[in-house]
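Below is one structure; the comments refer to it alone.
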Amino acid sequence: MAHTHSLEIRVRYHETDQMGRFYNARVLEWFEAGRTELLRDRGMSYAQIEQRGILLPMTESHVLFQNPARYDDALRLNTAVTFAGKARLRFDVTIEHLDAIPVARGHTIHAIVDPAGKPVRPPTWVRQLIEPAGDGN
Amino acid sequence: MAHTHSLEIRVRYHETDQMGRFYNARVLEWFEAGRTELLRDRGMSYAQIEQRGILLPMTESHVLFQNPARYDDALRLNTAVTFAGKARLRFDVTIEHLDAIPVARGHTIHAIVDPAGKPVRPPTWVRQLIEPAGDGN
Amino acid sequence: MAHTHSLEIRVRYHETDQMGRFYNARVLEWFEAGRTELLRDRGMSYAQIEQRGILLPMTESHVLFQNPARYDDALRLNTAVTFAGKARLRFDVTIEHLDAIPVARGHTIHAIVDPAGKPVRPPTWVRQLIEPAGDGN
Amino acid sequence: MAHTHSLEIRVRYHETDQMGRFYNARVLEWFEAGRTELLRDRGMSYAQIEQRGILLPMTESHVLFQNPARYDDALRLNTAVTFAGKARLRFDVTIEHLDAIPVARGHTIHAIVDPAGKPVRPPTWVRQLIEPAGDGN
């Protein structure tokens, strides 16, 4: 994925469970951090996107858990974004140890809606954020 | 405490950490469940209170951790509420195993504010909720 | 699903986010509550299963988010379990408002492993828990 | 506090609630990040401390909530550690916006125990970690 954004995180104690690994639901919280930092890196934070009246509620998530990660392990999140139809975004994420051993991978789908929750055609500034000029050429 | 409300909960797997006990911050989430069910039992849910324009943001919390509790342990929360000055509420909570071994105890203080965050004198319906007629006699 | 287990939960304040709905990752925590109570209802708690040396780490999750649910909404979780191959379990879950409006649906896959993380053939007592005698006839 | 450790974090979406601010229990999770990074900065991670057989379960927490912080706000955590008696540690934490507006402050007390949960006199390597040579002179 050419335009993948990378983010390094650490497994926090409160993210572990009694199996001694990160708890499964934490992956969806990490996916959020990946989306947030990808968008900021593209030039507009998700906070700014919401302030402009565009919300991106999740409509679907899929996660494969590949290998454990333990407390304080440093992990790399790689996040990419594409359009999934006209009014939906898809984020693909891989999480790996710094030595590239895979931890989890998955994707999430997000509706593009206004503050009332109504799906909207993404405005130009959203399109440019997701598909920067020259992307894919 | 005469007007204590009791609620039974179970420690969930996602609330444990690698020490094999519940994680410390979960207690503040359990305190919330205790407040919510106490108020519902008094006759008005916190959801309804917010809809009437009164919010109760936390301004202080204090917790003593007394004994561990493990995954799937059934625990009893005992919650009581009083006024702490004119525009603040105080909730006192004890958490114990069903055989009365103490797990944690503490209290939280909450401002009484309007949706803009401004402290307000509690209206009569709030006073009656917190200090039901005949209370303390 | 003939042997579906039902559990009623409430959306807690700490499970909401600034969109005013439950946060997406909470669904995986609710799925856990559904699995736990289904197994207890079958006659053995997941805590007891772990004590007998069988762990069920999640290997895959899929969730469709259908409709919002808000703070203090009462929701019904319906959970069913089947074998997915020889050493894996599959839990199917639907979450709905009490008036049957769907909130989310999905499934999770779990490996059946020993405490060292090695996949094991499910012992008879596990098979009987998942496929009670007479099931499916 | 001379030996305060600073850490910058951001409020994540999953840490907000429907009031549009971070949820109160998140502060205890942030306190954990502060402790972890302070100890790593001193030369030994908390993961290593646990591997050496010393655990630090929380026995008390106190938090004052001073001002709201919203999604994606960057916050500074300042953490300091001292002994609180012979077998206990105390961490003092302040959280503030980058322009120094205070968000929350508090402290936590931790027992120093072995893996069986028995309080132990802190070994020399723990004392040196908490009170580096020359500290306080």
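We call the chains A, B, C and D, going by the order they appear; numbering starts again at 1 in every chain.
In this section, a contact is a pair of C-beta atoms (placed from the backbone, for glycine too) under 8 Å apart; a residue touches a chain by one contact, two chains touch by 3 or more.
What you see is a predicted model; the values in this text were computed from it and never measured.
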{"item": "Between A-C and C-D, the pair joined by more C-beta contacts", "value": "A-C"}
{"item": "Centroid comparison with subunit A (C-alpha atoms), farthest chain", "value": "B"}
{"item": "For subunit A paired with subunit D, centre-to-centre distance based on mean C-alpha positions, whole Å", "value": "28"}
{"item": "Rounded Å distance between subunit A and subunit C, as computed from the means of their C-alpha atoms", "value": "25"}
{"item": "Inter-centroid spacing, subunit D versus subunit C (mean Cα positions, whole Å)", "value": "34"}
{"item": "Multi-partner residues of subunit A (each touching 2 or more other chains)", "value": "13-14, 25, 29, 32, 70-71"}
{"item": "Subunit C - residues contacting subunit A, complex", "value": "19, 21, 24-26, 28-29, 32, 55, 57-65, 68, 108, 117"}
{"item": "Of subunit D, residues touching subunit C in the complex", "value": "13-14, 16-18, 20, 23, 25, 70-71"}
{"item": "Subunit D residues touching subunit A - in the complex, by the definition given at the top", "value": "10, 12-14, 29, 32-33, 36, 45-47, 70-72"}
